[in-house]
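Common to both upcoming complexes is chain A, partnered first by chain B, then by chain C.
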Partner chain A sequence: MDTITTKLSSEEIFNLMKQFITEVIGEEFVEEMDITPESSFTKDLEMDSIEIVSFSEKIKAHFGEQIDFTGWLSSMDLDQLINLNLGMIISYIEECQS
Partner chain B sequence: MPIITVNGKSVHIQELNKEATETIVLVHGMFSNLSVYYFNIAPLLATKYHVVLYDLKSHGMSEKALEGYDLESMTNDLFALMEVLNLQKVHLGGYSFGGLIALKMAIRFPERINKLAIIEAPDPNDDKTRGIIDEYSREFLEHYVENFTDTTKVKMGKRQMERNHRMYEYLFYQTSIKTDMELEKDFFGSPAIETIKQSTLLLYGTDSNCLNAGKHLDGMIKNASLIAVRGDHNIPIQQPLVIAEALLNFFQEI
Partner chain C sequence: MAKFVFVVPPLTGHINPTLSMGTALLERGHRVGWITLDESLGDKLPAGGELLLISYNQNDQQKKDSEKYLDIITKKIVYGIDSIKFLYEEVLIPLNRHSYDGIAELLDQFKPDLVITDHQMFAGAIAASNKNYPYVTSVTAPAAIKVMDELPKVHEWEVNQIVALQKEFGINTTDSIACSDLATLVFTSRDFFGEMDLPEHFKFVGPVFNRRKTTIPFHWEAFHTSKPKILVSIGTTFDHEHKKAFFAKVIEAFANEDLHVVVVSDPALFEEWPANFTVQHQVPQLELLPHLDAVVCHGGHNTVCETLMNGLPMVVIPIAYDQSHVAGRVFRVGAGERLNFNRFKANHLKEAVNKVLQNESYKIAAEQIKQSFIEAGGTECAADLLEALSNKTSNVFIS
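Up next is the complex of A and B:
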């Protein structure tokens, strides 16, 4: 597990999220997208639930005990999960680092 | 991504709270994957239990397989998974087709199953259940997704639709799933169901086409109790916290 402990800036977190998304859905699809912090997982990135599981696992593997990503997701209802965007995750990770 | 080898095939699993003493294994439904539990249901159960989720063959991120979709084979897979993970006795939950797998496990390996939770398991002899398999087409998928989105609010994008279409086409036209399911049509009429002794929770949607199947099981399984939850066949997606709490209460009851 490549757990890190250094504090990342929001831009670094954003780039890391983009890297994870690319690994999950493939470069050919990412090239056609304009990924921004406002991009929502289901509507804009068209990620399905098992891809979001893969994405979550990557976050957990990277940040380890630092954040309880699954616990955070489990507090959301369906509407919140559908509307989840990258900016919300970046804010959550920043909060956990502070 | 945790991938283990079971019966020579790669199986995607997720485990939560490995330190807990008792284990719950959850089985997803046909054309679905472990994510149906991953976000809401499993984390709540994992506050007290070791929770194991896995993707069935050809589903989610598990390896594809051309054959072995009958309940005997599917329970062989689950039994082998338990052996690999060294799980001697577990609580078992299953949703939809996964509920049929869970029932079959309780019949075949009663000594390995503690409590049993069945969510929306359909009667395999029901016309609507078999109709889905007989009449698959691209139009069916689009129609299905349209109805599915009405009740779960999740809209599929073009790439997701293509992915799902490829999975459905593979399962319907290349694997033995149709003939294997045909063989199971008398499962609910089988006296074997009446041999289930485990304490059994039946969770069904008040507006589900499968509610009668739940009532049927309630009549056949001696230690069963049926709870109707507001919603249709998609209750784990529509009411994840209600389902999770019902499961947690049930597994914790002495």
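Up next is the complex of A and C:
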């Protein structure tokens, strides 16, 4: 499948993001975490910059052209990046789909 | 004979490469000075090296200020991207603002043919530029350049901090002058740095190591066993509770295993260490490395390069600043595994170390990077470049 034509609900996006986070940081760590849309990458998930970059690569690989996630991420300044949470990503992906 | 001056921050990792290049320049008959806030650097300089101490005709407040910057970076626990903000706002910008006048004055006293300023001592570039001395930049933490590519907005934020400081001292460009376009020496190889388009004046000279023999005593007798030997070091920057939590996991992972573990730490951190551990505050790292089988470290650029230069695999556990990036490179080139400092548990560390010890591929990858370091040229190549530039610039600037 080259393009994803079906629109994902916010819950489906959330689950997909959770799956990517799991792939990046490892299943056993995720089990101990309470991941919610409010979870911030830096403070709550304790992801460092390289982990955030590989997470964004996964989104890119999944959505392809449909979503310019790396571009969106790279438009963030330092404070926004520090405060980045899952909910923000979910709304961004929803926006791109609409 | 030419006169060279290094402008260095009070950070060990940034100073060591300058000692190595300085030694080479002194051996070639040049005069070499070091501009620093840290008086104790005097003890580390090679014979003939001149300490140019930034000191103000001080009232007590200013003196206090100078001391405050020497260990400021060890005073706060920072992690991940947050640490970049801390590094600039609370360390680099105040440090550079404080150092500027001193640097400018010392440049006029020493009248160097070439200034070599650290990429985080922007005040060195600003002062050299204002006073019309040619300068080159030494990049001891190459991730600082790579961030342009990976996180461009973070890079932009960093540049804005530097540009604002430049303005305070009368330089009204919109771009940072921290990296000289005369030459910017990057102490790694292209292979280890990774893909990125950069202008010609970025010179990848490879890591440069301080060749001076250390006099740090080491308990070699206990060390020469047939067991595999590993070194565990998380550097000089983290002198706080990070260490206790970290080494507790190291003990849990390796106590009574079939390994000899050399730990760089204050032995008093724990009342007792396992019998297969050697714990010292300082170790003769460069002498030790050829005898080791693997290294566990925090991803400081110098330790990583020294480890790779010995063709050793490693496990990198980055804490802050550029270390996450360095760890990412080690993993990407296949020379080691990386763990997350906050999340890893003793069993992860044990597994990762076993993996890099048992699987040849890590060592082979490390050997390949070693080869790229050797080809990059190192200290002598850097010294050649500096000499050539001092000849070239003395015509341009002094005539």
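Just so it is clear, the second predicted complex is superposed on the first by the 95 of 98 C-alpha atoms of A that agree within 3 Å, B and C clash if a C-alpha of one lies under 4 Å from a C-alpha of the other, contacts with A are read in each partner's own complex, and residues count from 1 in each chain.
Going forward, contacts are C-beta pairs under 8 Å (C-beta built on N, C-alpha and C of every residue); 3 or more make two chains touch, one makes a residue touch a chain.
Everything numeric in this text was worked out from a predicted model, so none of it was measured.
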Is A:E57 contacted by the first partner chain B, the second partner chain C, both or neither?
first
Looking at A:C96, would you say it contacts chain B, chain C, both, or neither? Reply first, second, both or neither.
neither
So which positions on chain A get touched by both chain B and chain C?
25, 29, 42, 46-50, 52-53, 73-74, 76-79, 81-82
With touch defined as at the start, can you tell me which chain C residues reach chain A in the complex?
79-82, 84-85, 150-154, 156-157, 318, 324-325, 327-328, 338, 340, 342-343
Under the definition above, what is the set of chain A residues touching chain B in their complex?
25, 29, 42-43, 46-50, 52-54, 56-57, 70-71, 73-74, 76-79, 81-82
Report the residues of chain B in contact with chain A in the complex, numbered from low to high.
1, 14, 16, 33-36, 38-40, 43-44, 55, 60-61, 152-160, 163-164, 237-238, 240-241
For a test of understanding, state which residues of chain A touch chain C in their complex under the given definition.
25-26, 29, 42, 46-53, 73-82
